[in-house]
Amino acid sequence: MSLPILTIVTFLPLAGAIWLLFINGEKQEKIKRIALVIAIGDFILSLPLFFKFRLDTSEFQFVEKVSWIKEFGISYYVGIDGISLFLFLLTSFLTLICILASWNIKDRIKEYMIAMLVLETGMLGVFVSLDLFLFYVFWELMLIPMYLIIGVWGGPRRIYATIKFFIYTMAGSVLMLVAIIVIYFMNQKATGEYTFDLLKIYNLDIPMGAQFWLFLAFFFAFAIKVPMFPFHTWLPDAHVEAPTAGSVILAGVLLKMGTYGFVRFSLPMFPYASHQFVPLIAWLAIAGIIYGALVAMVQEDLKKLVAYSSVSHLGFVMLGIFVFNIQGMEGGILQMINHGLSTGALFLLVGMIYERRHTRMIADFGGLTKKMPIFAIFFMIITLSSIGLPGLNGFVGEFLVLVGVFKSNVVYAVLAATGVVLSACYMLWMFQRVMFNKLTNPENKKLKDIDKREWALLLPITILVFWIGIYPKPLISRMDASVNHLLNQVDEKYKVTLNRLKIEKKEVEYAVKEEKSAEHTIEVD
Amino acid sequence: MPYFFGCSYLDLIGYVLLFPLAGTVINGFLGKKLNKAIVGIVGCTAIGLSFIVSFFVFIDLLKLAPEHRVFEKDYFTWIGSGAFEAIAGLQVDPLSVIMILVVSGVGFLIHVYSVGYMHDDDGFYRYFTYLNLFTFSMLLLVLANNFLLMFIGWEGVGLCSYLLIGFWFEKKSASDAGMKAFIVNRVGDFGFILAIMLIFVTFNTIDFTDVFHAAPEHLQTGSFIATMITLLLFVGAVGKSAQIPLYTWLPDAMEGPTPVSALIHAATMVTAGVYMVVRCNVLYTLSPFSLTVVAVIGGATALFAATIGLAQNDIKRVLAYSTVSQIGYMFLACGVGAYITGIFHLVTHAFFKALLFLGSGSVIHGLGGEQDMRKMGGLKKYMPTTHTTFLIGTLAIAGIPPFAGFFSKDEILLDAFTKGSLLLWGLGAFAALLTAFYMFRLLFMTFYGKSNMTKHVEEHVHESPMSILIPLLVLALLSILGGFIGFPTASAINSFLAPVIGGGHHSMADGGNLHHVSNSLMFSMMGISTGIAIVGILLAYLMYIKQPDLPAKIVGKFKLIYKIIYNKYYVDEIYDATIVKPTVKTSFILWKIVDVKIIDGFVNAVARIVELKSEVLKLFQTGYVRNYALSILLGGVIIIVCSLVLL
Amino acid sequence: MLAGLLFIIMGLITIVCALCVVFQKNPIYSAIFLIQTMVSLAVLYVLLHAQFIAAIQVMVYAGAIMVLFVFVIMLLNLNKTDVEGDYDKLLFQKPSAIILGFILVVMIGVVTLNTVFQGTQGEYTPESISQIGNTQLVGKMLFTKYVFPFEIASILLFAAVLGAIILAKKQIIKDKEV
Amino acid sequence: MILLTWYLILSGVLFTIGAVGVLIRRNAIVIFMCIELMLNAVNLAFVTFARQLNSMDGQIFVFFIMTVAAAEAAVGLAIIIAIYRNKATVNVDNINLMKW
């Protein structure tokens, strides 16, 4: 590929944002159209990645590498494999949806669209970076627009929520930065080369003790982002206060950064520590699944309910990643996509009724199906997808994760599977209270069904929901090579460490024995 | 249809699924704009065509030699990840053919019936969409060639059941019942999905043929894994087929439209559990313990539900409990190893229970929505056809020869006696007595005696239209004749299904249940069960026709027992108090205390500590520029002093 | 000797006046004392053979700039001690500033007295300057070596004039609009 | 050359007095005058060094400083007037918003 497609897709939104800077803020329609066109263009440009993606190789594809800051070994190095491909596409897709979903924002639309587009560049950059430094730059870059989107266009408690979100995430990522720098110097010591190149760092053999601490540093950064129980409390607040599009992006893409980070960085760089941490992570993930579901059940605010359901769903993803087999890993990655689609859509749906009624309290609704039949159909489909009904997308990911988990540990699988029952409880109970029963609240009698723009938002997602549910092969087959490669890589490195551990142990034992025999001889003498 | 010529009808098996799916899509997308007649025609035609294809498939299958009657067609790989592979493929064998015939046949009749029954409803197109989707899912369930695809159908029918129970969603009780059904089913599915995973981990495949081939070699009889797999599968079956302890959703499911109750909650979906157990008979045979569990739960449910049926006054609820009870019979049969008998009863039950439900629907329709039997009575003269068909259905379920129920139920009792134990037989026999009693109680209270209808209702009472009556008549005919496919000495169904049982490993004779039993025992058992049924009928006659004040007296005598039975043993209340309420309460505690107070409290406490420290540091930040300038001077002085001291 | 005596007298006057600038409550008094400070500084410049600087010190500083200050004080009617009258919220500001100032003076004294200032000697001894004339020399340097900064200074002044006008004028228009 | 050292000390004393004045006064105009005082102290130092090194450059610098001081005075006083118009005060403690 001579065309630097990844760079174009990644930076087109940023260019668009700069273009928007020069447009008079009064011309709202024009600004919205330009933003939309850029998002559509970006999405279309990202599609060739899917079609031209080669299934037969586990190497990174569409790679571009340019030296950036030579003195420090920092390069602009991007590329995608089967793991990041779909997250990349999901990002460009959801941003498009989000820009369309923000059509009714009146306040500072120019700044809003600029934030959105910059955010897109940041998110896309995170998924394609193959240079630790570059990755960190994008990682922080996406934080700022999100902070602004929640903080400026959010709900009444937005300042609290946004600061909590920002500081929480920052606290984690600072630890990660420290760890990155440590790895950088370790690599230099081992190879004599200053480099942030991820692929070179993959080959670095980090001592066990260091692995432990480095893993922990990365773990905090990613676990907060996922968010894993008990680091999740920023999520409900941020979701509740964020504007609709903010919630969609937050749930759809930003949460995936954490899980993606585990797959891309933690596992291959610290295989030994990853294995050591499995019990902790598995139990936290299971706690998250059950806890998130239970807490979601009793929420009174729709957005909070969906937010807690995310905690539950992401628990599945984490569990899938940390069982180290192909079903679990592929299920986990698929589940990331599924969660992005269905939870994103749920937030869109909640946003739609919020726009009409200016409330998100479940108790304020009831019987909406009568007034909004088409909305009800979409809501039902997305609800079912979130529950994991077979034939829809949620099931495929969830089931693969469960199979993977079952293969490695039955107890985990049984506990995680209770989430399947609980998710039905809270989602359907919510659905019943919102959509069914008699329409009693007079406010709700004036509700209008969804319009064309909202159709355009929901239909593509629904199609994807069905597609992934019925024929997920195009997705899974693209993951196969990369996931297999990753698992092998982790496995090999893990075994190397284990062997060394055994040898050391033997040496120690041998030494002890020698000492003893020496003592013995002395005694004899 | 020249396209079809030349190729075997078996190849067309996909069309069995395609027609209902097409119906769903057409009605779902265009239904709102089409008029009701077209919606009805589309809905019925879809299922009708499906039935026709099923029939040709059946004929084609019959042409094959009995041991080659398995046909598989794979369409595409649905999920493939590593060693795990789930293929979207269909399997046609005698078992699935019987099931698709029943499902599409009875389904077609009920669709036709629905056109008349639902004619005045606003959600007409929605109703047919759901109903077609249901039929699709059910056919998928029985045609699937692997566990996971079966699970799609399994969940799909659950979804449709949810949607159709809550069809009148504005009624709180209806939407509650729908949700209850889905969630209780999910509890069962929890077991099912674990079973699928265990099967995959054990056999490395989830394909029916492969699993059943591998099972006898892989697993020893009575081994732990076999028991676990079968028990977990059975948990799924218990949920779907409304057995103890997960039966509570089915009576509530009667909130849905009556044809739905007939199709989903009597004839087809609820029997999916039985189908699944029979499908996995190879596995069950490997685990005697599981079989015992199945038999005991089946028998216990049969009796338990029958007792509740005694004291219910809602016509549909009585039928619902009788459904639970009859499915208990089927599991009883499976549990003693008489899988074919279970399927036989499933088929006959589908006929007569659909008939009974549709009959009750006809009554409810005629009475303008009244369901309380105490407000009926003497309907015979107003609704003669309905009465006749209903009587046939009642005789069939009570087990009076030569109606369908007699043959199947008698066979179950015989199997329970010969292969099971006296206890199981006792459970079944007593349940049969109760069944005969409460069914005739229902019949008498509804159609005989004096009218208890309100004036308003009585004026409007009318016989139902033809679209309702024709399905009734067809089903009545089936209820009369259906039993003969399993006529004791020359059982067609036995020999037809025999290859399915034992996966070809066991001898054919094992499938032919009755061959071991001496004729004398067989006929005496027949006599006994007929006798039991007649006793039940006479009792009902005595209490509800001869001496109508007798029931009240008996109730007066056994007040406590009556109250307990009337309130369905308070099972719903117990579940509510022990599971639902504590869960919700725990969740509230988790949210309000653990989440908000402890975790978030900790987070905020960290912030608070930082803030407190900053309060101290804040004193240096006065906000006055000259104060900052002072700091500059201070800094300057310090630098000068330092440089002086150091240099 | 005369120069030394003059330096002591003028130096003392300068310091006293400077202190008065700082410690007078009334700003107009401060301004007057500042003028005196500048004039006495001009005398010191003469002592240092910088006659031109001394002249413009009196004309530009003591004359033009300080007149501006006095104008502004009068324009704002700040003869009252309204600003400083109320109690200082920063309790330690004044004492610590004075103490620090004292330390600073001591330090400067120590440093200056202990340092021998060295540097390459230029060509302009007081004798050579008086031969050519101080003003001529300054003029020559301004238009040769420092011509660029000189032009920049002119732009700066121009900008300052414009800035001052705009800052004052904008407000007037606004007032009119109100 | 001892005399010149005392010029420098005088310059330092003046500078310090100016600095202290900036720190302890709250009237913006007086603060401004104290700044002028500090500028003058620097000027004195420049001239002194020019004298000591037999150079004219120091005097040229003083010339430029005066130019800048003039410009600064014009703009600074204009700002003070503008502030006074808006806030009716020249107390720097009350002028603590960058935007109003």
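Letters A, B, C and D mark the chains in the order given here, with residues in each chain numbered from 1 onward.
Here, a residue touches a chain if its C-beta (ideal position, glycine included) is under 8 Å from a C-beta of that chain, and two chains touch if they have at least 3 such contacts.
This one's a predicted model, so the numbers in the text were calculated from it and none came from an experiment.
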Message: Quick check on this structure: which chain has its C-alpha centroid closest to the centroid of all protein C-alpha atoms?
response: A
- request: Consider the two chain pairs B-D and C-D; indicate the one with the greater count of contacting C-beta pairs.
  value: C-D
Chain centre separation (chain C, chain D; CA means) in Å: 6
- prompt: So what's the Cα centroid distance for chain B and chain D, whole Å?
  reply: 93
Query: Whole-Å distance, chain A centre to chain B centre, using C-alpha means?
result: 38
Message: Centroid from C-alpha atoms only, then distance chain B to chain C, rounded to Å. What do you get?
response: 99
Message: Quick check on chain A: which residues sit in contact with 2+ other chains?
response: none
Task: Mind pulling the residue numbers of chain C that touch at least two other chains?
output: 89, 93, 97, 100-101, 104
Task: Could you check chain B for residues that touch two or more other chains and list them?
output: 624, 626, 630, 633
- request: Would you please name all pairs of chains that touch?
  value: A-B, B-C, B-D, C-D
Query: Which positions of chain A touch chain B when the two form their complex?
result: 164, 167-168, 230, 232-234, 291, 294-295, 297-299, 325-327, 330-331, 367, 369-370, 384, 389-391, 395-396, 399-400, 402-403, 406-407, 413-414, 417-418, 420-421, 424-425, 428-429, 432, 435-439, 470-473, 476-477, 480
Statement: Listed in rising order, chain C residues that touch chain B in their complex are 89-90, 93, 96-97, 100-101, 103-104, 107, 110-111
Residue ranges of chain B touching chain C (in the complex, touch as defined): 622, 624, 626-627, 630, 633-634, 636-637, 640-641, 644
Message: Per the contact definition, I'd like the list of chain D residues that touch chain C in the complex.
response: 3-10, 12-21, 23-27, 29-30, 32-34, 36-37, 40, 43-44, 47-57, 59-60, 62-64, 66-75, 77-82, 84-86, 89-91, 93
Task: Within their complex, state which residues of chain D touch chain B.
output: 19, 22-24, 26, 31, 92-93, 96
